[in-house]
Amino acid sequence: MPSQPSRELETFENPSPDRDYEIAFDCPEFTCLCPLTGQPDFAHFHITYVPDRQCVELKSLKLYLWSYRDQGAFHEKVTNQILDDLVAATRPRMMEVRGEWFVRGGITTEVRCTYIDPAWGRDRDGSGSVS
Amino acid sequence: MPSQPSRELETFENPSPDRDYEIAFDCPEFTCLCPLTGQPDFAHFHITYVPDRQCVELKSLKLYLWSYRDQGAFHEKVTNQILDDLVAATRPRMMEVRGEWFVRGGITTEVRCTYIDPAWGRDRDGSGSVS
Amino acid sequence: MPSQPSRELETFENPSPDRDYEIAFDCPEFTCLCPLTGQPDFAHFHITYVPDRQCVELKSLKLYLWSYRDQGAFHEKVTNQILDDLVAATRPRMMEVRGEWFVRGGITTEVRCTYIDPAWGRDRDGSGSVS
Amino acid sequence: MPSQPSRELETFENPSPDRDYEIAFDCPEFTCLCPLTGQPDFAHFHITYVPDRQCVELKSLKLYLWSYRDQGAFHEKVTNQILDDLVAATRPRMMEVRGEWFVRGGITTEVRCTYIDPAWGRDRDGSGSVS
Amino acid sequence: MPSQPSRELETFENPSPDRDYEIAFDCPEFTCLCPLTGQPDFAHFHITYVPDRQCVELKSLKLYLWSYRDQGAFHEKVTNQILDDLVAATRPRMMEVRGEWFVRGGITTEVRCTYIDPAWGRDRDGSGSVS
Amino acid sequence: MPSQPSRELETFENPSPDRDYEIAFDCPEFTCLCPLTGQPDFAHFHITYVPDRQCVELKSLKLYLWSYRDQGAFHEKVTNQILDDLVAATRPRMMEVRGEWFVRGGITTEVRCTYIDPAWGRDRDGSGSVS
Amino acid sequence: MPSQPSRELETFENPSPDRDYEIAFDCPEFTCLCPLTGQPDFAHFHITYVPDRQCVELKSLKLYLWSYRDQGAFHEKVTNQILDDLVAATRPRMMEVRGEWFVRGGITTEVRCTYIDPAWGRDRDGSGSVS
Amino acid sequence: MPSQPSRELETFENPSPDRDYEIAFDCPEFTCLCPLTGQPDFAHFHITYVPDRQCVELKSLKLYLWSYRDQGAFHEKVTNQILDDLVAATRPRMMEVRGEWFVRGGITTEVRCTYIDPAWGRDRDGSGSVS
Amino acid sequence: MPSQPSRELETFENPSPDRDYEIAFDCPEFTCLCPLTGQPDFAHFHITYVPDRQCVELKSLKLYLWSYRDQGAFHEKVTNQILDDLVAATRPRMMEVRGEWFVRGGITTEVRCTYIDPAWGRDRDGSGSVS
Amino acid sequence: MPSQPSRELETFENPSPDRDYEIAFDCPEFTCLCPLTGQPDFAHFHITYVPDRQCVELKSLKLYLWSYRDQGAFHEKVTNQILDDLVAATRPRMMEVRGEWFVRGGITTEVRCTYIDPAWGRDRDGSGSVS
């Protein structure tokens, strides 16, 4: 039976929870609808995070991104929502979501938003940066 | 009122019908569904043609490509069908459609098909090539 | 009725005002006139900002950039003015405008200017940098 | 006194008329208006030709391209018109004009048209190609 | 149940057998063993063909390439064998297999071999080339 | 007699132990098996370290990476394990392992993990960064 | 009357003296003579600065760089001298001159030198860096 | 004693006169003067030829190109003259000179001219092309 | 026992002698001496051929290229000699050797020479080209 | 009389000793021998330094690098030795040597080592970094 688009993000246990390390996903296949015109929008997403107890399961991430296909969504809002959903599902130490939206009106828009677990950031140098 | 996906390809009169010249469209925003799994497929299309009496109207091309969004379509079949539909609508002297489909199973597929008006090709050197 | 060039920059409410995040516009279509010779100048603009309460509306940004088409403008001055106008309209936490001007006299000029809301910068590490 | 946009294309005498050789201009600074919406369009033009008796004078080419700035012009039509005007002014043995128009509706359009002096082509291999 | 490496190449019916068109696969995931040292070899394969009655089924191509994983194979021989097997399975009008083998002894080797159906080539201009 | 895959990492004495300097390996030839499906996975590894008393011997690194060829291994786990094994064998001052895994389900994954000898990091500015 | 090479650098008033912003010139057309052999040397210069009260006038910069055409000049010395002359003429808050000299003896040389107004650097974080 | 710019092109005997083979020079260091304004012009030259009895000596080519440094020269004329001089000095079977001239008035000009020894071309397929 | 530089080129039997196919070697590690100055020269060689009965053995090719390390050799001569030696050892249907020599006197030289077995070329279309 | 490989590094007086500035050499022509097998090794060196009283003389650097041609040298050791020799000869404020060694066993190795004059570093921010 084929997969279905799903808002449920599945996770698996982080195999190296004692170490701060970085996982990055490159997701060129994203489409949703413009809430004003109903026409398709396309974006290329880059997701980077430092896992705490849970890692993002790859197939469920694919289904989650698919779930936007028939939804109206503004560029700024949906990029933030993807970050919120992924943070809620995996409680990472840090996570960044960057969406490169395709050109509209001769202008290309990119939205980049970041979450840092306050506790994690404080134990480090305050910047929350891994590298 | 917003646009709607449409199979109707509109055309306009070729402003220079006495000259063999080439028009090329670069269309990175294409998505349809896999007929087997129902999951989304993505492709980047390149369309090149030599108009005869009619040229492809740009906005109607956008709506036409959008019309595949909810349809199941095999890579090889849909690429040929786009060529067939564009040829039927504009009766060009020559037309090539090339679809770069995104990676599946670790393999990337590209399909390239060409139409040459037999009458046009015969008046030239038989290869139907413009350049 | 077609759009008109306009100095009025429209905004919409920031959907995630609690988060510092970055929006970047890539604007390759800009032209104005040289104030000395009256001849056309061309530039490619890059605009990056951290919104506070208001975000830049994309279509109004396009019309705003269009409004320079018939105006004489020195490279250094117009780049700063675009930053000033965008800051006045949206009161961002931070904004950078970078203009890549096309080659004149064998030399290419790029102007990059940045605004940081003093209150915002102070709450951070003093550098005002997001990343 | 500053230059003015001008439809007058000036030429100079070909210094090597006995040889078939190729001159290519790369012109990234072109803008006109969309005849339907009145909004600006941008294009990057590439012009290649084999001169016969006259060569295109560079500054007059710049002024000629400038003359489209306030004119409405369809992509396909203006590209052919530039070729027609340049052919009329210089009577080349061969000339190609290629216009790369900026993205509209998510699709990028390129128009490429070629003129070959029938007499010149016949003395060669019929293809009119220099290389 | 998971897939297994397999020498069986599956096909499906060509949806446009009346047209000569080109299908290209980009396969960066190939490994076999060096017949002399038993050490792993890696290659990036590019497969291009004009189908006749049958097309190569993508998943079975993946399994077929996987079947070399534990086999010893010389660069020149295995590239030719892949072409032979694909030709036997699909009887194409034309097919090219190009293997880019990873560097050994400071030298990178690429092997490119082509099959042309004699009947198909004769009906064309004798070169068997599609473009 | 040919080499064999081996978990034994050999080392040699650091020729300049008084200096903090960086050695980087670029390893494009890595394959293992997916623990769920048994199908091959491929990755490109980048290893960077500051040696203390011992350096990684190049040929033994090749054999070590080869040893994963027939093993099931999750992306996140194997990248961390390679770092653990290399740290155990060479006790470096700092080491980073970055694995670029090939695309699965339309998404590319990269895992990057870092070890810093606590004693070494403390003598520096606390960031453990060489540059 | 044509321009002449000139050591006189002209300036104009900074239109935004209240803001620290960056102006960058890309100057690929530079040539001088080797002081030892008298043979031509070529370089590609990159000049970046933060203006204080005066900005560098573009045409005078072109004439200034031209003035080296017939002068003997060592790579290291002339790069520093260009910085000294530009600093003397414009009194910037910060300026960097980078010269990429063409290959000699199989080796390419790049010289990069920076000036920071001590007063300006002190008011910032001590590094004098704009970004 | 240092070299001097020189119009004398030296040659050496072709070591393989029985074979048609190609020699290509990439010459990024060329400058002359604009005959109208006296200002410097720059170009990047590419020279390709099939030697007959004599080959171009590399150092003398360098001195020859240097000899234009203080001469006024139109783009089209000097490119043809370089071809004429090299043909006169070496009597090649075929030679092409391509000059990429730096941007002037926002337009980049490239001039490409070719010489084919009529006797040589006739013995081949008439096109004079080596590849 | 380590390898030694050697003029002996070893071959192995072509596994697919019935097919015209192409083998290409990319050899970035080549050095010899300038016969005039005794100083080192470097080149990057590209070798492409269609085997007849024998193929070039990779390790012996490496040793053969190594054998030039202490020899004086002019660019044009050594490129032709490598072609001659490889043709003598393997009697290919066609072979091309292209040497990209590193920059000397500001000029980069590339030499490209080709051998075609007259019998093989005649059975084809006379051009001896595989593609 | 031709040059000879030499371990003697010559220097000249720094023309701007009052300024911290950076000189970078790009040296793609380096070869030595593998101490284990006697076979040639190749590397591309990048040298960057801040001069104090003395600068590296370019031709003597070329001869110094040449002097390794017939010497056995491990990757890690020779990169450190080149830094040691250059530091001993010029006593720079800071110097970095980075060697990109060509691929061996499918793995590419890069070694990067840095010297900082303790006195110079202390007067700065402790990092010894120029930029």
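Each chain carries a letter (A, B, C, D, E, F, G, H, I and J) given by its place in the written order, and its residues are counted from 1.
Just so we're on the same page, a contact is a pair of C-beta atoms (placed from the backbone, for glycine too) under 8 Å apart; a residue touches a chain by one contact, two chains touch by 3 or more.
Predicted model, so just to flag it, every value in this text is computed and none were measured.
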Smallest number of contact steps required from subunit B to reach subunit E: 1
Any chain that touches subunit J and subunit I: E, G
When subunit E is superposed on subunit F by its C-alpha atoms, the rotation angle in degrees, nearest 5: 180
Computed distance of Cα centres, subunit G from subunit E, in Å: 56
Length of the line joining the C-alpha centres of subunit A and subunit J, rounded to whole Å: 44
Distance from the mean Cα position of subunit I to that of subunit H, given in whole angstrom: 27
Rounded Å distance between subunit D and subunit G, as computed from the means of their C-alpha atoms: 37
In subunit I, residues with contacts to at least two other chains: 28-29, 42, 102, 104, 106
Full enumeration of touching chain pairs: A-B, A-C, A-D, A-F, B-D, B-E, B-F, C-D, C-G, C-H, D-H, E-F, E-I, E-J, F-J, G-H, G-I, G-J, H-I, I-J
Subunit F - residues contacting subunit E, complex: 2-3, 28-29, 31, 36-40, 42, 66, 69, 102
Subunit E residues within the subunit J interface of the complex: 42, 102-104, 106
Residue ranges of subunit B in contact with subunit D within the complex: 14-16, 19-29, 51, 55, 58-59, 61-62, 125, 130-131
Touching residues on subunit E, where the partner in the complex is subunit I: 74, 76-77, 79-80, 104-115, 126-127, 129
